[in-house]
Amino acid sequence: MLAELRGLNEECGVFGIWGNPNPAHLSYYGLHALQHRGQEGAGIVVSDGQHLRAVKGEGLVNDVFNEDKLKAVNGKAAIAHVRYTTAGGGGIENVQPLLFHSSTGSLSIAHNGNLVNATHLKQYLERQGSIFHSSSDTEVLAHLIKKSSHSPFRAKVKNALSLLKGAYSFLIMTKDEMLVARDPHGLRPLSLGKLGDGWVVASETCAFDLIGAEFVRSVEPGELLIITDEGVKSDRFAEMDKRAMCAMEYVYLARPDSDIDGINVHMARKRMGKQLARECAHIEADVVTGVPDSSISAAIGFAEESGIPYELGLIKNRYVGRTFIQPTQELRERGVKMKLSPVVQVVKGKRVVMVDDSIVRGTTSRRIVKMLKDAGAAEVHVVISSPPMTDPCYYGIDTSTHEELIASSHNVDEIREAIGADTLTFLSVEGMVETIARPYEDENRGLCLACFTGKYPTEIFPDTILPHEKELLR
Amino acid sequence: MLAELRGLNEECGVFGIWGNPNPAHLSYYGLHALQHRGQEGAGIVVSDGQHLRAVKGEGLVNDVFNEDKLKAVNGKAAIAHVRYTTAGGGGIENVQPLLFHSSTGSLSIAHNGNLVNATHLKQYLERQGSIFHSSSDTEVLAHLIKKSSHSPFRAKVKNALSLLKGAYSFLIMTKDEMLVARDPHGLRPLSLGKLGDGWVVASETCAFDLIGAEFVRSVEPGELLIITDEGVKSDRFAEMDKRAMCAMEYVYLARPDSDIDGINVHMARKRMGKQLARECAHIEADVVTGVPDSSISAAIGFAEESGIPYELGLIKNRYVGRTFIQPTQELRERGVKMKLSPVVQVVKGKRVVMVDDSIVRGTTSRRIVKMLKDAGAAEVHVVISSPPMTDPCYYGIDTSTHEELIASSHNVDEIREAIGADTLTFLSVEGMVETIARPYEDENRGLCLACFTGKYPTEIFPDTILPHEKELLR
Amino acid sequence: MLAELRGLNEECGVFGIWGNPNPAHLSYYGLHALQHRGQEGAGIVVSDGQHLRAVKGEGLVNDVFNEDKLKAVNGKAAIAHVRYTTAGGGGIENVQPLLFHSSTGSLSIAHNGNLVNATHLKQYLERQGSIFHSSSDTEVLAHLIKKSSHSPFRAKVKNALSLLKGAYSFLIMTKDEMLVARDPHGLRPLSLGKLGDGWVVASETCAFDLIGAEFVRSVEPGELLIITDEGVKSDRFAEMDKRAMCAMEYVYLARPDSDIDGINVHMARKRMGKQLARECAHIEADVVTGVPDSSISAAIGFAEESGIPYELGLIKNRYVGRTFIQPTQELRERGVKMKLSPVVQVVKGKRVVMVDDSIVRGTTSRRIVKMLKDAGAAEVHVVISSPPMTDPCYYGIDTSTHEELIASSHNVDEIREAIGADTLTFLSVEGMVETIARPYEDENRGLCLACFTGKYPTEIFPDTILPHEKELLR
Amino acid sequence: MLAELRGLNEECGVFGIWGNPNPAHLSYYGLHALQHRGQEGAGIVVSDGQHLRAVKGEGLVNDVFNEDKLKAVNGKAAIAHVRYTTAGGGGIENVQPLLFHSSTGSLSIAHNGNLVNATHLKQYLERQGSIFHSSSDTEVLAHLIKKSSHSPFRAKVKNALSLLKGAYSFLIMTKDEMLVARDPHGLRPLSLGKLGDGWVVASETCAFDLIGAEFVRSVEPGELLIITDEGVKSDRFAEMDKRAMCAMEYVYLARPDSDIDGINVHMARKRMGKQLARECAHIEADVVTGVPDSSISAAIGFAEESGIPYELGLIKNRYVGRTFIQPTQELRERGVKMKLSPVVQVVKGKRVVMVDDSIVRGTTSRRIVKMLKDAGAAEVHVVISSPPMTDPCYYGIDTSTHEELIASSHNVDEIREAIGADTLTFLSVEGMVETIARPYEDENRGLCLACFTGKYPTEIFPDTILPHEKELLR
């Protein structure tokens, strides 16, 4: 199974800071801003110039940290991580940043993304005698660095990075330096900022806004930033490959107030909503409503372009958290209701345009359509602000296998039938690319569209072909 | 101080169910839907026809309950409560429903609202030898019931209720019956619903939607419902006085998907937003944004009416929870940012209409205006979807004293100055009354407008006048 | 059922301190020393001269309190309590000291002992309109004080105490004074000590030793101590009745390093062991072993007098705590083994004298005898350092009903048979009285022997006779 | 510093079970019996024949496990560990059994003892590219096994064990087998038992008694037991070296009801106490008392031999647990009192023989002598049931450095002076060896006496000499 190649570094967020007297607290704020990228675990590793110390835990940022814990690890630099996990891959030993001790000093690594050749590299390393403590991809990098015969440390890191395939934003910290690397396609966002005399790095710019840091620029694909007390130096571990920023970051992953490569996420979504309205001008309806929170921007755009009034037809419960009651069939239906409620007087007797950002399995869409119809909606027109998702993502978004993607085996009308909608419209690939409107000139304007087109920017390794081990490590 | 008359039953939510095999679990769902009315504590008291047993705790519904605790108190009926507390009035002994044991059986009470003569009644009862265990108003009712010489139980309750002044929705449960009472002005909402063969009662109708119950009708002001295994009987403990439903329930307190007296809350807010747009047609602006979550509906209405595009200029962090870091001045500013972020590319260089539901002290408004200006807004026009709040509420909303209400001592232009806005517009009282559009014909259309007008529907008791004790209890 | 008269104040411990800058911390130490008297809950109520504030919780002293909680309630005086509960009577609302608020000030009460007329008094008080919040006896006293028409406060207390029957050591605190009362028979121990310029009171003198306080004297039966900033004044609420200190305090309840009425508990137990050896001089054996911890002193005495070597034939696991695994029959047997282990090489092939302090149901004795025999003991001679327990205790020791006391329906040989011992010897009543050797001259030397003789020092009230209510309160 | 060679595997306890349907629960009981060997952390790794799964945590066995956690890891075999840590070496990553995953299957290791060449081996392994995740010695073994070129698995293990120097009892589990190894000197105890058709292994025999297993024999020094579904096979990874069982296991470490190499611990201690009485026949005294719990057996022996009555002059508080209050000088004195109390009426005016098991720094002895004198003891004669401890232990007992051992730099009279005793007597080395009376014929009768004599059974590696790396791994 191709899917088994995939490790556990699903969508996550990273944050780093160098040259600040309060790195633990600022990392806490940084992770707070990135919380939407991972709710399963959080960690901060702080350097005081001599030692690296970790604070980690499973759960939300506010559950993991408290004032006493942050005070206990004061220093001058830190890297930090929020973690999203698929079922079964939890466990405190997988919470990042990973921290390794050795007689030559400690090393810490935080990773956002997913490697496509992790399985191969692990097998190779195990044959060389390596022992793995976590099931995370990230540990592979530590072993490759350790085993590299190059010198000094940053040369080892460059050597190790050159063996990786896939999507990654890495923060690598020793007591002397923080190295920042982004894969040659730039599949995951990563930005550099400035705070006073120090430097910050984060998966999304919203983390800079919260701590009052100033955005400097995106880290370039294939670039290696070396941050020390002397400042930031730019190096490369690889030539930039074809740019391929994940389109889904714009569609639903990133926070609306973040900018990715200069494009504001809310504005991009609103433009996608307007484009969607243009692409389904035939629909006649009374109200437009978005599925909160990620589809609100597109819904506003749709309403503005179509002239159909925008309403709160669905509201989200702010206090959902971890509901403990185990799902029987009846309770699973209620589970959706605990998160989302229809506003009966808005939808009753109305022709409703329901804007959502994407359809994966179709089950959630089916439940929401049913909820609107049960509330009295006369018609439900589902409009999706992204194209049909036909292929799995191997770069860190948990869309699982072909089997689970309804659009990989059903055409639009079959999906419409399955979700019980009166009409169903997806945004066109071209419409999406044009309205995201990234400032690059190639045909995809620097987007990765693999999940819509099946054209993966990197090689994809079937598990069974064990390649050329001896050539892996030079 | 008038303010000291006020007890601890600030805004809260109540839920009750009779004649269902799963009352503890359904109460849990009910409280979940009412969570926005109180986050400090939650409790459920279940009756199995013989005994009443309580599960209670401080914190959110999901923190207080778990499957084991709910299973342990199975039965056939329950009353439940979520609690909102002002600083200092916490403590597990104040978490409701209160439960009292005696040789003649147990009694449990849940209360939403605030009594204005609680201090008088407590002093009277103490002179009669009563001992109070909580600092809550609600305990007063238990003592009055106990001391009443009437018979049977429901007559005691009617006698006791007749002595209370103020706002209240009470659920009173013994092993034999559940009594439901709403004050003669109907200051707080309370609705009756049906679930299978059983009955449910809740502060807001959104609780019915979640559990699949059907709305039957509002409980009438002055009405006493008596729910037993025989069904529901309607009685009265008082004549209905002038209707006076709290206007702030429509403005910001209730959930948008609840209906109060047949009026949907979201729709009322949207109409208020439209009216507000009509009342400030002079404002020229580029974008409309609402302060999430409670002002979104009004902002949508404002945008629709004014034709100015609606944008997400401010987004709310979904993961705020309990932030532990203690507020220094710098951190307090960041505290607001942890909850709310401006979307820079939306507001930069724009003339922004910022819709909010109300101004109490003005400090939060000032911080949000500053946040927008710091993000580059060219102008910030603050529009408020309710009139200036000049007088304190004694009926359960924590607006504190005259001193703390900026509108009690400052005119609109002074407030505008204080919050740093370019213009400031409040909705007119008439505009609010007309657009809420309740189906009653008196001048206020059955609303309590005391906080805007100073005209309180009930007598307000200064602490010092100790009235007519002997006449209190007949 | 007579047994139902009994409330929930089973064996407990009280501690009080007045006139010290650190009352919360010293109460914590005091409760720590009294932990053996109650492990179900603990509480401290502190007075700062203005307000009373409580810290309470279920569990052990070290689980309930921490530095932050103690710091938060600083003041100048405190009363404190550790609680022992029988099954079903738990709940945070029963954890003492109880704290009552009223407009004339707060009142706190801690109680060690058991009232025999609590049910009557509760029924009476309920008819007068009182509402009870806990199922504890202690609340009765608060209501009686509240209802008393006497004045000043200490006269109300004397009036209320005069209505109580049974065993009690009470600490009663307002912001102005601490009242200390012991029942007219002196059924439970209570001592006064001095610490610097302040005063301390405790159920056992071991609490004084831990905090470095000096023992002053026992509180007299029927005495009321009034402790204020002016010092200690002695008053009486009743004449001293026939002294009747619970014999079981010497036998197993109190800590060996405590003195009760000048008699050290360990020394009394050792003398009882010696006397027991004299009373069963016929037994031939190889080793003497005690059931830890409470029978060690008696076993040492027995060995010394008999000349049979004392050995550790049974050892106690120091880390028992709360074992969570639910008892199946097999696991229940293991449950005893988790607490107690035989030392095989000590008992194998030996004739063992096993010293225990008492036999209640006989089930534990049976298990220990079996454990010794399974470990290879050739003979097991059980010797008990107290007489057969034939009658229930109504004064606070949880020996339950006649039905449960094996000695109420079985003679010594039948009990021997039931527990599987080769011989069984109980200490004689006379032997016990003589060797405890209290300094009083009456026939029982001031001991309560009710559980061995059925002669109760107080009236015992059958539940059904409702006596003279009107005369109760003058 | 020699001391830095020492890793973190201080005194601990191991338990293993193979071929039982309830391995998690039985391991819980086994760890419960071994709790005295380590209170800082506990873990169980269970095999279901396919996968290994871990339950671990910091704290006591009863805090770490509960029914739900044990149920969740059902299987057919388990290894388990309780951990004792010196300050600073905590952290969940050091809690054992360690668990390693690889594509060829998982591996788990539990370790009691201390390696003396761990630092050398770690440095060697790091040069080979190994990365360490814990600071524990135990991880070294995993890497050595992984790197061994031998085959099959058990040959790798034998190869790896042959490189270790020091004290160790290892349990090593894969899904197919459990390997059990004890160092060639047999420095730490390890026994094999039988339970039904399955096999158990434990540091002490008291674990067998609790679960109803039958003792089979000690694991031999240098022996490797291979336990599979086929049964137990005995192999060797090394010739047996000179036997050297830690004498301190008999003196204070092991539980009195355990047998080590056929010698019961309580009986050995009692004999040491008797010998001590013979060695200080000159002392005239009134009472003998032991410092609980570990010196009770010796004190009983001393009393029996000397004819001086044995008394409870010191009692131990059963509820000490984790006292949270931070030690000021005053509170540190109280800290001892919270654990230990003198029984004033026993010691007042008496000449007291105080029996203790050992003197390390002398500070605790000084506090206890002072406590007895403050309680009125006329004379305090300290007698120690082991010889002066002059040299540090490198095999797992935390006696720290020479500097900290008072007997390494002070003679007996200087120590007496330092602790404030009237006389001080240590047991002679010969007296100890004779009265422990192990069934071996060499001069030490198979005991390690290094801490009393400085003669270490193994080579001790100074940190600086980096030996023969190439020869380490063949």
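A, B, C and D are the chain letters, set down in written order, and residue numbers restart from 1 in every chain.
Keep in mind that, in the parts below, contacts are C-beta pairs under 8 Å (C-beta built on N, C-alpha and C of every residue); 3 or more make two chains touch, one makes a residue touch a chain.
In UniProt terms the chains read A, B, C, D = Amidophosphoribosyltransferase.
Keep in mind it's a predicted model, so treat the numbers as computed, not measured.
Chemist: Using C-alpha centroids, which chain lies at the maximum separation from chain D?
Modeler: B
Chemist: How big is the gap, in whole Å, between where the Cα atoms of chain B centre and where those of chain C centre?
Modeler: Taking the average C-alpha coordinate of chain B and of chain C, the gap between them is 49 Å.
Chemist: With chain centres defined as C-alpha means, what is the inter-centre distance between chain A and chain B in Å?
Modeler: So the centre of chain A lies 38 Å away from the centre of chain B.
Chemist: Please report how many Å separate the Cα centroid of chain A from that of chain C, as a whole number.
Modeler: Taking the average C-alpha coordinate of chain A and of chain C, the gap between them is 62 Å.
Chemist: Find every residue in chain C that makes contact with two or more other chains and list them.
Modeler: Correct list: empty.
Chemist: Name the touching chain pairs, would you?
Modeler: A-B, A-D, B-C, C-D
Chemist: Report the residues of chain B in contact with chain C in the complex, numbered from low to high.
Modeler: Touch list, chain B to chain C: 92-93, 100-104, 122-123, 126, 128-133, 135, 142-143, 146-147.
Chemist: Taking the touch rule as given, give the residues of chain D at its contact with chain C in the complex, in rising order.
Modeler: Residues 25, 28-29, 32-33, 35-36, 39, 60-62, 65-67, 206, 209-212, 255-257, 259, 264, 266-267, 270, 293, 296-297, 300, 303-304, 309-312, 315, 317-319, 321-326, 334, 337-338, 341-346.
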